[in-house]
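A, B, C and D are the chain letters, set down in written order, and residue numbers restart from 1 in every chain.
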Amino acid sequence: MLNKNQIAQRLAQELQEGFYVNLGIGIPTLVANYIPAGLNVILQSENGLLGMGAFPWEGGEDPDLINAGKQTITTVPGSAFFDSAMSFGMIRAGKVDLTILGAMEVSETGDIANWKIPGKMVKGMGGAMDLVASAKNIIVAMMHTNPKGESKLLPQCVLPLTGVACVKKIVTELAVLEVTSEGFNLLERAPGVSVEEIVSKTAGKLTVNGDIPEMMI
Amino acid sequence: MTKVFKNEQEVIDDLPDGAVVMLGGFGLCGIPENCIRALVAKGTKDLTCISNNAGVDDFGIGLMLQRRQVRKMIASYVGENAEFERQLLSGELEVELIPQGTLATRCLAAGYGMPAIFTPAGVGTEVGMGKEVRNFNGKDYLMEYAFEADYALVKAWKGDTAGNLVYRETARNFNPLMAMAAKITIAEVEELVPAGELDPDHIHTPGIYVHRIFQGRDYEKRIEQRTVRKKESNV
Amino acid sequence: MLNKNQIAQRLAQELQEGFYVNLGIGIPTLVANYIPAGLNVILQSENGLLGMGAFPWEGGEDPDLINAGKQTITTVPGSAFFDSAMSFGMIRAGKVDLTILGAMEVSETGDIANWKIPGKMVKGMGGAMDLVASAKNIIVAMMHTNPKGESKLLPQCVLPLTGVACVKKIVTELAVLEVTSEGFNLLERAPGVSVEEIVSKTAGKLTVNGDIPEMMI
Amino acid sequence: MTKVFKNEQEVIDDLPDGAVVMLGGFGLCGIPENCIRALVAKGTKDLTCISNNAGVDDFGIGLMLQRRQVRKMIASYVGENAEFERQLLSGELEVELIPQGTLATRCLAAGYGMPAIFTPAGVGTEVGMGKEVRNFNGKDYLMEYAFEADYALVKAWKGDTAGNLVYRETARNFNPLMAMAAKITIAEVEELVPAGELDPDHIHTPGIYVHRIFQGRDYEKRIEQRTVRKKESNV
């Protein structure tokens, strides 16, 4: 079973040379720490920046320079600032190669719910609906089950949707799965995790074809 | 006829109760601090505010919420403050949540004279309910309308007496879009310079979109999430 | 009867303090020479400039700096460059206060034809269709009659239209006319030109109310 | 993986016959001289060119017309050259004329992932014939579609190795719009600098939109209408 940093490490394996990537709040943000040395990956922050860098050194914070999670950040050489319309324009036009974001639920048809829990204070969808509706490659990073132990990979989402049929892949503490026309398909298991455990914790339709390799972390 | 106003009081003086007001900024980054301060002091009320966020309890639009000056909030992400939540749950405050890209593009549409735009954001979700859906090349899009706002309050880094604006880093965000989108655009700037001092190749908002401009003062520029790397003591 | 420069001079009287103005090719361009001293008028060139200045001094031409007529120009202090989408965006959004352009024909309902003559090589509409469809205040500068002596102020345009019901005012070598729901309405006559001559050279419906003053040139 | 290419030959080498190609520039101002030179040398043919203008007889797209490389021209204003007129009248060349603002906004729509936009330009004229008309707030608009182009050839003043572009004066025009609008965007620049040398606040085209970049050479920058004021001899 992976911890959050290991999930981020596994997600980082999805990065390819030259990719423009948008990382959501939470585990996805940690992916930035595991970009392989020498791999040229450019991070997009939807509040108006391409070429996001690390957090600033103490004392180097600039209030004009934040990411979409409102955290102080830095830039890398070759960065560019732009307004929010251009930012979502490039997302909508499919120029961002990969979006990684968290979710409360994912359905076997790739629907995602991650913005609203009925009865709780609704904070809003921010840029999530734009990202999931537009990005060509969407990977969800989340825990396989909720705190009650219930599966978050469902036949269909119970919570209000953020986007429909958009998730391509899911990385959890237990497994890597892709979404196919047949539902979830198990690709990898976390070290020490059995296929049986993954099957038991996946409520949506799940196909398991042949031997399932362990993730390389 | 000059666009240059003396201060924040003068510039918002005719902004009436009940107005639809856009406020630039993302979180607390690039918000029109001076204009908000003046609106709070004046007590202008029943406002409909269009802004990506609603500030925190004691800063930004949060200050206006504390004075109950906001009747309706149109935003993409809110609730960083307790007073907002209280007013929302008690029904004092009306809230309309809009996907962030839709919010930005509806501003752009207004500034570019396009009555409506198409976006896939929200298709198949409750955001799309009751809206026109249209399929282009096999993909569904929602038709969303250009905003109609009375005032835009934006914050730029530098501005000139012709109304040209330049923003700094991610404090740009919604500011240039809202600057284009309202009937009357009010810009506050950290530094106001004479026309001709800004490089015409690097104006973000051309002066034609800006009706009033003034040099702000006492910028706090509060940081919402201070995140830093600790310097290693042995470096 | 006015010459072209006098038409431009009369047009310049339509300018008001703080106006953003787009001037078309031909007579409208000459208006720039008659902006009253002290009046703050900003010229928009739809190829991407606010704050157009005079032609450059000999030797000072810059190939990167032209107007919509492709002429070398200069800028004034406070100018700004932008792309063509923003340029027509500000036109479409009604931010340009006044557009003055030439025409081949204007109808009594304010239709304008100025881009195409059937049977002749068609060069295109350039930005004219955008301007006439979008600008809130459109004034046409043209000769009252064509070279054959036929009126260019018609009940309806014969040539293919550039825009519908958009022209507010017309300045010719003979007269200033406005377009109302009653057709053309005569506002001013050129020095020495009689109302009868204007009536005889205006084919569209024309109202003449009371004494018609001479233009002040 | 670098975006930096050696020269104009290398950068257009895989551009196939029959491609839909956008070319930046207004008149002869800000046109991709080097890319045009390479296309002429290579003889790529049956091209659909989307460009505001079509050059003059011996410069710009006119050079490609002379070699009969253009099958269809999509533009707002043409006919500054005799060969264009000859090919048009003889039926060798197909021409589609589009209002300039519509041309620009259809590029923007492609770059911003909006399948269609609404504009009043052309309503009630032959440009509107056969197109969907829609009324918003009492005014009619045409629905116009985003362009779909294979390549965009744009010219910038400066660029960096990350693909970021900066334009100069009115040579900007359609270049940033077309840079966003095509599947593959090729940028030629007068000066190519290492990533980090351009001010990130003043990038006109972020590198995400640019796939290939190279430093051009031998820019002629021909002036179409040289207009000057004569210096008074007594000054």
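Convention: a residue touches a chain if its C-beta (ideal position, glycine included) is under 8 Å from a C-beta of that chain, and two chains touch if they have at least 3 such contacts.
Keep in mind that what you see is a predicted model, and the values were worked out from it rather than measured.
Counting only chains that touch, the fewest steps needed to get from chain B to chain D is 1. Between chain B and chain C the centroid-to-centroid distance comes to 37 Å (mean Cα coordinates, whole Å).
Chain A and chain B have centres, each the mean of its CA atoms, that are 28 Å apart.
Those residues of chain D in touch with two or more other chains are numbered 105, 112-114, 119-120, 167-169, 172, 200-201.
Shared contact sites, meaning residues of chain C that touch two or more other chains, fall at 81-82, 85, 88-89, 91-92, 134. Under the stated contact rule, the graph of chain-to-chain touches falls outside the line, ring, star and complete shapes. Inter-chain contacts, as defined above, occur between A-B, A-D, B-C, B-D, C-D. Touching chain B in their complex are the following residues of chain C: 17-18, 20, 40, 42, 44, 50-51, 75, 77-82, 85-86, 88-96, 134.
Residues 45-49, 54-73, 81-85, 87-89, 91-92, 111, 121-130, 133-134, 160-164 of chain C touch chain D in their complex.
The residues of chain B lying in touch with chain D in their complex are 105, 112-120, 136-137, 139, 141, 145, 166-169, 172, 199-202.
Interface residues of chain B, counted against chain C in their complex, comprise 1, 110-114, 160-162, 164, 180, 194-196, 200-201, 203, 206-209.
Against chain A, the residues of chain B that register as touching in their complex are 26-30, 52, 75-79, 85, 88-89, 97, 99-105, 107-108, 119-127, 157, 167-177, 204, 221-231.
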